[in-house]
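Next, two complexes with subunit A in common: one pairs it with subunit B, the other with subunit C.
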Partner chain A sequence: MFDFLINIFVGMGRFIRFIMSIMSSVVSPYLWVWQTVVQINMIGVGSLFLICIASIFIGLVFTFQMYMILNKFSGLSQLSSVVAFGIFRELSPVVTGLLIAGRVGSTVAAELSQLRQSEQVDSLLMWGISPYAYLMLPRFLAGIVCLPVLVLVFDAISIYSSWAYAVLLKGMENQIFWNPLLDGNVFFEQDVLYGLYKSMFFGGLIISVALFQGFYVKRGVSGMAQSSTKAVVYASLGILAMDYLLSQLLY
Partner chain B sequence: MNLVDFNVSSISQGGNEILSDVQFSLPPGKSIGVIGPSGVGKSTILRVIAGFHNEYQGECKVEGIHVSPENEKKVRGKLSFLFQRSPLMEDMTLLENLELALLFVKIPKEEKKESIYEVLDRLKLSHAMRQYPDQLSGGMRRRAVLAAAILRRPKILLCDEPFTGQDPVTKDDLVQLFSLIREEYGFSMILVSHDVRETLQLCDETILLMDGKLQAKGDKEALMSGASDRARRFMELGSYV
Partner chain C sequence: MKKSHIVDFSVGAFFILAIAAFFFLATVTGRTANSGSEGYELSARFEDVSGLANNSVVRLSGVIIGQVEDISVLHDTYSAMVRFRIDDPGLKIPDDSTIGVYTEGILGAKYLAIIPGFSEEYVKPGQEILRTKSAVVLENLFSKILLLIGTEK
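This part shows the complex of A and B:
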């Protein structure tokens, strides 16, 4: 038990030192600026389709459930507010984070472990190039930039899919759906913006966990597989824990 | 002054000692081969010299500079490493890879371009400069890795089994080309290999590692006379027949 705790603290210490090394490599912008653009394309643009599809179904299923409940209490006029609260505050940042952890976290971990095992990281070091600045910082920054944008896309599409369910399928009046949202029942700062703040933390967490797992990969194919799996599992659990902590702090 | 002074009493990996009492020096212009069976710790010697492996006791100096985390940059500035695998970035063309290798070399841009074209021409890779590493054949890939290694005009080249996995003809071509390039560029070299013939052909002195220690040092005769029965068997069964 004591060894287990020691290992956890040692691991956390290594992880924090790793993140500090990534952050401190910001002093060489010519190494990371263009690479960050490349990674934004890979992480953000590459995940857009997945987020669009997921947000449509989340919007539909959440509205379906809320419609049933609110209908029992004759509270359908508040449907859009309830759906927007749930989506903007929790569902959108958390689901986007979990989907990106699955899609990007595993890819980044596999990529980095491959670079590590094929001696490309050592090669960069021999050329005097910091792998933290060239390989890791661009991915880390791209994660922080892309997640809020993807969450905004998720917010917009899921609200429209909610509208489609309520108005087009269930025959609710257009005004009744939109008025609560436009009348200020949903606050931009507290509901939309806080969701975006959370997603920035999730982006940083997903990529840093993936980079850490990829960088400290064990030799061999099983090592690579393990690092990808751990990257997804740890990042997903981290998102759920961080969501609770940030919600307590922000709201 | 020797380019490399390797005086190490013990090298460990994950807490387990893998090599003990290894001493050798690399004088300027000379080449040393390190041979021995797989897993004996040959590559680890190169990794110690390049500052990638710090789990050792003793002293390792490159041009009088002690290899340590504080001196990493100074030491690596004098070395190039010819890795066993292909260290080229897969998402970059060969030309972009070579430009990356020269990124921190303080010479004018035009001069950088000239040296890249010269090395590509010398290694018969000019036609492939816009190709990606995965579009190159095995032999071309090895030449590309060699190009990246010699481009920075190192004083010392550390070679980790550079010809492994090539067919006999390609391998022979590569060994001959490598020999010519070495003469032309004048770098000193430490070559790690389990191919006895290739090592004896390319190196002035050879070190035989076996059973966790240095078994013998010198030319072929010295290796054969100084080695244990098992080491002698390794030499005989190696490709030197």
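This part shows the complex of A and C:
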């Protein structure tokens, strides 16, 4: 029991030291730009299809539920602002974060643990290249850049799928759907941008947890499996906990 | 095409998509009224401002012309003091105008509405609008209706 607690504190301390060394490598003499671009391609562009499909269905189901509820209170004129509020502020950053934690977190952790186990990280050090600058920082930056972009795409597509449900399927007036958004109920500076700020934190969290788990991998095949599982689980829990804190902070 | 070209192409397309989504969302959603240096401040005293909040909008003839900056209770009369900002410095409000707290629809947010008067004198920045109409609290309305029904029996 006591050991368990100590392990948690030690792990946390190591994790913080790890993040600090990633961040401090920003000032290292050389930023591996091409590595960063390749990682943006892998993390952002590779996840685009997943996010598009997810956002269509999230938009549809959320609009469906809200349509039924608002219909009872005859408040359908506020449909799009309720949907946009829920999606822009909460659903799109959190769902994007969870999906990316599943898709990218596991990949990054597996990659890193493979590199670590085959001692390629050590060989980088032998060449005098800091693994923090060459391996970690490009992924970390790519995560921070890509998540807000994916959230923007999520927002735009899900509001369109919401429109498709309400206007095309349920025969709502086009103007009645769009007006509440423009009419000062949903604000670009607040609702959309808050989602983006959140997602930046989520991106940093997902990638740093995955890198950490990959870097401190145990020996053997089961060690690799564990590290990629832990990367997804811890990142998902971290996202949900952080989401509450950030919502309180940013509202 | 070389592999690096494909990567460049897809990353470029990714960010162009992001910019497109950004502008789409920016045009579709509303803006917070530009507060700060623009415009001028006025105030008004109400008996009841239930539901009004900071950043609630101020309307004139249905058009948004400003927003609420601050709500506080006066220590002597216990009435609510609302300070609000008119965004357009050129928009002058007659000093016999009425200001009231209204609701958008049944579930909607509360807002301040100014009904302009006919005076040739205008309210100066920082001054108070004297004619006010408080928020309608549904419970009070219901109790009045119930009382009415009770007396008719």
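The criterion applied here is as follows: the second predicted complex is superposed on the first by the 247 of 251 C-alpha atoms of A that agree within 3 Å, B and C clash if a C-alpha of one lies under 4 Å from a C-alpha of the other, contacts with A are read in each partner's own complex, and residues count from 1 in each chain.
Basically, contacts are C-beta pairs under 8 Å (C-beta built on N, C-alpha and C of every residue); 3 or more make two chains touch, one makes a residue touch a chain.
The structure displayed is predicted, hence computed values, not measured ones.
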Broader residue contact with subunit A after superposition on the shared chain, subunit B or subunit C: C
Partner chain in contact with A:V153 - subunit B first, subunit C second, else both or neither: second
Partner chain in contact with A:Q78 - subunit B first, subunit C second, else both or neither: second
Which of subunit B and subunit C A:D122 touches, first, second, both or neither: first
Partner chain in contact with A:G214 - subunit B first, subunit C second, else both or neither: neither
First, second, both or neither for A:P93, with subunit B first and subunit C second: neither
Which superposed partner A:P138 touches (first subunit B, second subunit C, both, neither): neither
Touch list for subunit C against partner subunit A, complex: 4, 7-8, 10-11, 13-15, 17-18, 20-22, 24-26, 28-32, 57, 64, 105-109
Residues of subunit B touching subunit A in the complex: 50, 52, 72-73, 76-77, 79-81, 83-89, 100-104, 148, 152
Contacting residues of subunit A [partner subunit C, same complex]: 34, 37-38, 40-41, 44-45, 48, 73-75, 77-78, 84, 148-149, 152-153, 155-156, 159, 178, 181-192
Subunit A - residues contacting subunit B, complex: 117-120, 122-123, 125-129
